[in-house]
């Protein structure tokens, strides 16, 4: 059946959502993670306004990639569902999306400043600054607001799937961070890293930021990404 | 019996008080939540100076809305009881009140600056800045001090119940935040949000705050409030 | 026997020490609380360099008020023992002393700035700024260094026991906070409050501090202290 | 057998690694501790990219001091292994090395500012500022990058083992802190202290830092280190 997703996908999406409060990224019920099954043409997402304590795998909502309709689930999906959908449609290589209102990333979004690359912590994951979108226009707010929130990110990256892979996150102006990855877990980890580097950048700016040499940043990104990556233990927890 | 409140109200007020330390809003015993039963003409509030660890439903104090006398309970009510009472009397639509000394909201109160609207996190709950009162006069401090602490909030909002619904909180100058809502739980959640947006605003100001477009803020407030609200799952936890 | 202290005093001092890490005031083993038995002429204090996890009532050390010698206990007392002793000798009304290296209070001590009174959170406990001592001279560092660390606090307060009661804490320049109270528990609570108001003051200064009216501060101090105090529930937890 | 290490060393290294997240120094899997057995010519280190939750003593990797080859273990060692090795080779007195991306120490590293000595908290452990290295050159990044990351620290200290003992840590420019000690546990504790004093320094600088008198700093360092040390209880937990 087209709308059915694997238990594994449900479990991954549930677990990634539960990690939002554990990682200190959530206030109340704010924040949501989704994961996509491109063959089935659907994605699984947190329901709207449900507390993490009460969240079970059965509460997750399965949504059609094609038109945003609910395919499975008895609750309304997150109000941010259409933002997730627009990102999945624009960037074929991504498998998971996370949205939070984490404190320091939101501060950069509210100041409409990108999170600058100031060191290897950032360069290990983001091959460039975490960019910030334009503010949505009155028209973009009036109709299909949530879909347009994704669209301003897509426009910012000029719809370039490769860029989305190199810098897996963006700040929506006056709103907050959206991050993505090859699956739900990766998108959540990028949200954690986005918040960590935003906090480090804020303190660095207070001390007087100094631009790092590009060859150092390149070295860090390529040791974790691409054909010559040598970080980690494939298969280990 | 007029002074008796339902077990449900007691449980809600107890639970909201216990969430103060869990949400990181409390130092020692600071902070208190109350909930009102308007038909019975009473409200239920935390006793004064009791630690959250030791707090049980039986320790809560039931207070008369009309004159502030203790209707039920063997402990003294919170010293802030009269502040709660003045807010209930001025704003008929509110059902719960919370007071904390949460760090960042207090910093704005001490600097006598409103918490500005800098993004959607704020606009989702507060339809405008969280305002700050005038400092209490020597006369207001000398007599009925706690009642007057509520009264300066009432004066700030010109006693307007609609405004109290649109911006469910205020900072008392050199003191701290008071928030309210349709019930005790909602007032507590507004205290959590007030602290979260104060922290975000502090960091945004350090980075250089930029005013957000009004149409974005309006969109966020109306998607959670009013006749066209579409956020959340009514009835879900 | 003169050197024996009650189990109750031991338990209070142990419990107050264990609250240091729980209140977020400790890094590693830094921080210590003592409590005095003036009739017995001794005080009970944490041993030096023992981790809070491993600390039991039997590890506490009983020290002579008169000469600082160990009266009971198989471990060395805290290196700060002589500082505690000099405070007990100078201020007859105090029953407990706490020393921590809590982050924000240390920042004020390192900047050699008093923690200013910016609101009611501060005025509820400290009837004036938390003052900062002069730096110790080479002579004061060379000999009886720890005793002299207490002495610079005594000098700062001109040995005035009433002042010590009104502002139960001080910052030692380039070192950190020492607080005291009528017993060990109270001294620990003053350390918690000292750190809380230091953090609030730091953020308030960043936002632009405004001096609060004196009549407001007076009102708060007197509602918790002195003959007309009406805060709290005597006897309740 | 040359490559075999004692169970005690394994346990110490494991325990020190597990303390990284508990001390709030870790985001995700970032951070690693190693401990050396100089007689056996090997050191034990955390595997690359394994989460702390899943880490067991058997996952640790034993690496040759002489050439960096894996002597024992089925996982790849930390990508930072060569940095640890270069420090062990340069400084014969050290027995453990810790690397983290703790927030405030990284901020100083990113601003390329040493952590200044502003008080006794710092002077208790570090007999001078925690220095910051030069940025690595393109050549140092291109080949043997991780080994060179250690080498810039060695160069900064002019290969002086005594200096490494007096200031047991350094910041690598645009990267983060490396600390060391006589064993794995000590190196980890120095990482905790490095982060604590970095946070205190950041706040002190915001308030206006004042240089402390050298005689005070000397007094603190010597009461914990060297022949006249009198801090702590040897043998106690």
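By written order: A, B, C and D. Residues from 1 in each chain.
Note that in this section a residue touches a chain if its C-beta (ideal position, glycine included) is under 8 Å from a C-beta of that chain, and two chains touch if they have at least 3 such contacts.
Just so it is clear, the structure is predicted and the values come from calculations on it, not from any experiment.
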- Query: Which chains lie in contact with each of chain B and chain C?
  - Reply: none
- Message: Looking only at residue numbers at the chain C/chain D interface, is the share used by both copies over half or under half? Answer same or different.
- Response: different
- Item | Chain whose mean Cα position lies farthest from chain A | C
- Superimpose the Cα trace of chain A on the Cα trace of chain B, which carries the same sequence, then give the rotation angle to the nearest 5°. 90
- Query: Hey, how far is the Cα centre of chain A from the one of chain D, in Å?
  - Reply: 33
- Message: Distance between chain A and chain C based on Cα centroids, please, to the nearest Å.
- Response: 46
- Overlap residues in chain A, where contacts from two or more other chains coincide: 206
- Within the complex, which stretch of chain D touches chain C? 118-121, 189, 192-193, 196, 199-201, 203-204, 206-210, 212-213, 215-216, 218-219, 223, 230-233, 236-237
- Message: Applying the document's contact rule, which stretches of chain B touch chain C when the two form their complex?
- Response: 27-28, 30, 47-51, 53-54, 59, 75-76, 79, 101, 103-104, 106-113, 135-136, 138, 141-142, 145, 173-176, 202, 205-206
